[in-house]
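Going by the order they are written in, the chains are A, B, C and D; count residues from 1 in each one.
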Amino acid sequence: MLESRNPDFAETIRESFGRQSFMATLGAKITSVEPGMVRIEYGRGEGLLQQHGFIHAGVGTSILDSACGYAALSLAPAGADVLTAEFKVNFLRPAKGERFIAVGRVLKAGKMLTVCEGELWADEESLIAKMQATMSIMVR
Amino acid sequence: MLESRNPDFAETIRESFGRQSFMATLGAKITSVEPGMVRIEYGRGEGLLQQHGFIHAGVGTSILDSACGYAALSLAPAGADVLTAEFKVNFLRPAKGERFIAVGRVLKAGKMLTVCEGELWADEESLIAKMQATMSIMVR
Amino acid sequence: MLESRNPDFAETIRESFGRQSFMATLGAKITSVEPGMVRIEYGRGEGLLQQHGFIHAGVGTSILDSACGYAALSLAPAGADVLTAEFKVNFLRPAKGERFIAVGRVLKAGKMLTVCEGELWADEESLIAKMQATMSIMVR
Amino acid sequence: MLESRNPDFAETIRESFGRQSFMATLGAKITSVEPGMVRIEYGRGEGLLQQHGFIHAGVGTSILDSACGYAALSLAPAGADVLTAEFKVNFLRPAKGERFIAVGRVLKAGKMLTVCEGELWADEESLIAKMQATMSIMVR
């Protein structure tokens, strides 16, 4: 398992997540925080749909982005901040299902840039999207 | 100017956009539809923020995705559907501002794949994000 | 293990790889072909360098692209062809080392699009780049 | 036109390009260097092909990467170095043609990260690939 340089990383992340009003709008809850790995879950909501009644691709993308960002933050020094520099997502299957799990994992933690990958699972059995993301680490 | 193969493309797109409940949740309005180009606008909303009070990166990404998808649809045959295969976004500046404009444009329209680029502008003067997207064209 | 729909996939791939003169220019050899996974190896060559004497980022990218493309081909029907639609690569560490291994794996095989990921390893111990790629499947 | 912070940027770039042995292997020549924009040209070479006799996607990608990297360097302070953090390329059309032109342009120059886009043209008339790239600026 990776080691965090911030003893309070889990608390820092949960507190920061609580301030993201957009995650509340999406009905997303953070369900696991470990060094280098963060899991966020959400369900199908009536205000999250695209034209055919599936969940809009942007919903899972937004939650994967938060999961990757917090995975990066979990390995950053205390007081650091994380900003998304860029990401790329492939959509593998339609977002059918009731419960969705976004898992962000650190591939390489650096001083200024941390690279993460994110997986989006439907009902714990079907991989519906895959993200590769670059996070900027801002040390105050 | 590019030419559409669907005489009703503008109506088709506006009607489809109206069915995307997620765009309503984000407060997004479609403001321009031309062959190969779609513009969507939105404002700062209290439910759209990340932990520092800026608009969450996922909001602009979701709206850029819709703008690129509908730009692709504007050049597709009547009855076709568009699904996002993948996209990549770079975030160039923090999403400061009151009004945001997402512009999706077709780079290359194909039979099965259409490649688009999207630009996100704050207050019409500052480019804050750039997307490159691949859309799958599904002909029924 | 995934199953191929083409009984001669390994032979087809090795024969096709042999026709890629660019792979010969890069000194690349295909060392493993399985359903959904292809491995290509190469070494440091004097004609492959960037300005600081490291291997140019484009070399590993080109070889990852071939590894991902052939991984996609290994799961395609006999007679199909594969074309790169797009890819994204993150460079995690400088390309130090003597031997490099590119591994392409299928994440999701589709009728028209197959999504792959590629890993580039230096001296079998250090992950130096990660690719996410979309391949178009052309059935003749 | 953008302004460079390094009065010798053009000389620095041409000299650095001359040390990239991989560009010589690809037969690439730098033909234009301006603040925020670099152009590199190359032709069809027998050692650059994929299995169907087209130029391998990795060739144009490698040259776009160099064009984007040097575009970023043209706006960096004297003594700075540029490393590719990541890029994404879409391939729009097969690489048919005799002469190819890669143009790298800066979208946003930053202290630590510079975002570029690259266009690959065949015979000056057909856009065959589009890149979006993130460059790390290393100040010594």
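The definition used in the following text is that a residue touches a chain if its C-beta (ideal position, glycine included) is under 8 Å from a C-beta of that chain, and two chains touch if they have at least 3 such contacts.
Just so you know, these numbers come straight off a predicted model, no measurement behind them.
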Touching chain B and also chain C, the following chains: A, D
Contact-richer chain pair (by C-beta pairs counted) among A-B and A-C: A-B
Chain whose mean Cα position lies farthest from chain A: D
Inter-centroid spacing, chain C versus chain A (mean Cα positions, whole Å): 28
Centroid distance [mean C-alpha coordinates] between chain D and chain A, Å: 32
Inter-chain centre distance, chain A versus chain B - centres from mean C-alpha coordinates, in Å: 22
Residues of chain A touching at least two other chains: 85-86, 88, 90, 115, 134
Footprint of chain C on chain A - complex, ascending: 88, 90, 92-93, 107-108, 115, 117, 127, 130, 132, 134
Footprint of chain D on chain C - complex, ascending: 16-17, 19-25, 46-52, 55-59, 61-63, 65-66, 81, 83-91, 94
Chain C residues within the chain B interface of the complex: 85-86, 88, 112-113, 115, 134, 136
